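The next block holds one structure in the form of structure tokens; read it before the comments.
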């Protein structure tokens, strides 16, 4: 085995892992509070990518600077989706929840196709091509940025839920909906905010992903699948778990390149997924049942 | 004239449309508004069907091809329609395969029902297979514009033709040009990496290329072959492996998205190369890719069944395309354009829309001066176009990003007489 | 109830006679209606009646299609036999997955993701098997004959897919009214309560997944010999899994007529909207409309269209009785 | 004869011992009350007996045969049926179909099971509701349905988990007479109950548990006089019930 290669793959895996964590974060948050799986998750990330793409090409503002704006836009989208659709299906049997959210994904994907066309868009960004060289290894700056911000976001949201009043209400609603209603928490509003917050993290993820890969309307499916694996690994509804799940997945996929062809990369991730599901169905770090 | 609705193509509002139609040829205004048409009874339009992946993962290419089909039909009509049939106009019926075989089949069936006498399309080989079998069942001629996999024409179907080059022809061209470049430049890469997307086309192409390269006598060793899934969004691990293999040259068989990721990653990880030589795949000549990659895409050599810039038909088509969509007509759209021209030519010679007559006419096709490289379009007994050939193109510096792609071989078509190889390293381009 | 049967018999007679008047394309739409109704019905056995949500049913379609095609291409075995082999293989895979999932008591979302995981893993494995065409997929030969399950016109496909659908309706109706069906329903409604009444929910879940997988796999063989091209991504991919659950959910899960009604509404709708909007300029609009409609149905008819149809038909019959 | 014998039953959840070495016996034809404050571990005992959560230690003998570690459905098929404190009707099917599920365990023929279920429904006073969807039933009827479902499995022993909670005085009386009727057919009953009137009226003997341990046992009249029980556990709630 080539030590340089292993080191390089390890670094990349770790950085990619942070991004995977961020991709899973929103899904985990939404599931944790409402018990709903957002099947339109990947498409929301793609929306985030397009919004930051737009801001970049129309105003020349780099994705790192427009990050919060993108998050806010997708926050609004999430709020709208929750208040119009998800709040109505929250008490449905799970199978019935799938269809509206899958359909939402279909709608978002094709709206992107209508608005932005089918092309692969990958404009140059400020740090898009920068890399730091340490010995023989290369650290990709845009990946490093995404990694750092992913961790920062996860911690911020974690602290927000732990410390702030609103965060505490969200957690109360997540633990016991009826109880929360009894103590006067407006659960619908809490749901709207949590879904929107989860959506906002996907928007931020989208902005951070734009420098890393070309965006097309069809990209969302893969993100949804990655998010599933990450969230199952870390435990549904467990936010820090999502981060760790992402890191594990990123490392495993990247290091698998030492032995396996790239086409089997996802075999590694789904293999891990199934093994975890069978032996620790609630995730490595515990999750919501 | 086609239906208004048909022409309300994306990105084209009414006003630009009028301009485009004006540009599409003087003939259009004469036949549409001039006296002769008013006096003559308009014959019923001849319907032909186009099924392309207008939505789904291949929408980028599919919509481009659809536009190629549309502009070609418009061009034929502007030139007076099918003269042997009293100047009957072509009416292009559009179908969307959504990039799925079963939808492609159903759409093809719909177009046949709506009266399409011939079909064209559909870029993806799998969808092509579904439609080819349907056309065999329905006995409707099917002229594939692009779909490279040889398996389709090997089925012995009577109704299937292909304007695009065969995979064998494509691969043969790649090895031929590789020999030429190394001989001319007196450099020989020793170690090579082959990468490809793991789909029918990528696997078949790169496999064939490796086989041909082995037989060619070129002393190039394939030190690594990397296949990655279609639609991958991160090639960092793969490029790390490429770097570890220390290649002199990379032979990528790619799609538009991953070519961008690959090139940027090669830059970031500073993989030292003599150059990138694409044996024949999308991803290196599309206007968006050229724009997004900037300097990084310079000097990539691509073997591809390219457009023929000196063909008057191409010049006209490109002008119309550029005006309507702000992009040049690249190879896939140009082949889509050619497909409709070949259909029109068959109709012209058959003088009828009967399948037998059309089949006979298609078999006798000798379409001179197509807008793509190569000799006249002629079909062999399998239905493959024996006139199709590839050219070698290189992306070279030019202030106008739309003019960066230059033909460098064969010489009779060349737009630039110098080939840059080895290329400067990616990070040494200022 | 008798009236319903009479109505259905009349509808069946009409459908049997339809090809006399219809053109090939419209027949093709009906083939897709029957095909998706059948797939939906197969899925319904597991999810609609037993309550285990599967989002990986494409797995069984893929196994069915690949098995019969492989057997036909390698040993020249007729797809009619290969179809059963595919069904059995698919059933075996389903039982393995069911054993793991049900034993460990994976519920709801977790079972959903397990089914997705299995389908994806199989997709990736098949993508790496040369004998199955790997990423390139399999191009079937077209040799029309009954033995080969291949036909020139759409008529035979029409009657075969219709047969599939009708048989699946009968099978599911028989299951529904049997002891087995009642235990499956009990499992769906409340697994603990069912156990407490002596229902071996594990056993009935296993039976349900086996039946469902077997039925689904048969459709795979039909697909292979109708479309002539197999590709791992289309046959094992999540897109197909999602496509095939839309109809029973919208029509009404856990009912015999739900998947059929859903398919009779959704399939033509997607065809017509595509035909109308695919003319160029608004690529993707038809999928947006399809998505919006699906959302509206679920929001306003949470138990499927069938409930409203039932209400309407009762109202019609009742007012007819009064006269 | 002893129908159900429990020896040193112990169950803990992550450090918290919910049932602590509990032993008792239910004789044939007996109605035994199991009482204790909220969180005393009563429902956990039921879960251990019926196989929903296997005990950590100890054994459960049903008619002399160990059923510890068996699956709930197998235990039920042997003749030990339970109800749930939070009733679990099969919501979207009819009341009759609900009961038929239980009846079909021992009965292969649908029509025979239907006949039997109708009889049970009449006995439980739900005959007129047979064709209603279970989700249309009000709580008192749901409680009866819960009992009717169990009866359909032909149990020898019934574990009743608070079947009288939430019922008004008349409904409690009706439930008492229903349980008496069931008992008179030879079904032995172990019941968790907070409604003391029900316990006093029905049970021949009562076990009191607190923190998973047995703190008293005996005929109800005697147990309620037990000063220790009153002070340690029954407290005000019981005195109110008496008052």
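Letters A, B, C and D name the chains as they come in the text, with residue numbers starting at 1 for each one.
As a convention for this text, contacts are C-beta pairs under 8 Å (C-beta built on N, C-alpha and C of every residue); 3 or more make two chains touch, one makes a residue touch a chain.
The shown structure was predicted, so the numbers you read here are calculated from the model rather than taken from an experiment.
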* To do: Tell me which chain's centre, taken as the mean of its C-alpha atoms, is farthest from subunit A.
  => D
* Asked: How many angstrom lie between the CA centroids of subunit A and subunit C, rounded to a whole number?
  -> 32
* **Rounded Å distance between subunit B and subunit C, as computed from the means of their C-alpha atoms** => 37
* To do: Determine the centre-to-centre distance between subunit B and subunit D, using the mean Cα coordinates as centres, and give it in whole Å.
  => 75
* Structure fact -> Flagged in subunit A as touching 2+ other chains are 110, 113, 118, 217, 263, 266
* subunit B: which residues touch two or more other chains? -> 10, 55, 59, 63, 198, 227
* Asked: Which of the chains touch, listed as pairs?
  -> A-B, A-C, B-C, C-D
* Complex contact set, residues of subunit A against subunit C -> 31, 35, 37, 85, 88-89, 92, 94-96, 98-100, 102-107, 109-111, 113-114, 118, 217, 221, 225, 228, 232, 236, 263-264, 266-267, 270-271, 273-274, 277-278, 281
* Which residues of subunit C touch subunit A in their complex? -> 47, 53, 55, 100, 104-106, 108-110, 112-114, 116-118, 120-121, 124-125, 127-128, 135, 238-239, 242, 245-246, 249-250, 253, 282-285, 287-288, 290-292, 294-295, 298-299, 302
* Flag every residue of subunit C that touches subunit B in the complex, lowest number first. => 23-26, 28-29, 32, 127, 134-137, 139-142, 144, 151-154, 223, 226-229, 231, 233-234, 239, 271, 274-275, 278-284, 286-287
* Okay, in this complex, where on subunit D does subunit C touch? -> 50-52, 71-74, 76-77, 81-84, 88-93, 97, 100-102, 104-105, 108, 110, 149-150, 152-153
* Name, in rising order, each residue of subunit B that touches subunit A in their complex. => 10-11, 55-57, 59-60, 62-63, 198, 226-229, 231-238, 240-241, 243-244, 256-257, 260-261, 264, 267-270, 286, 288-289, 292, 294
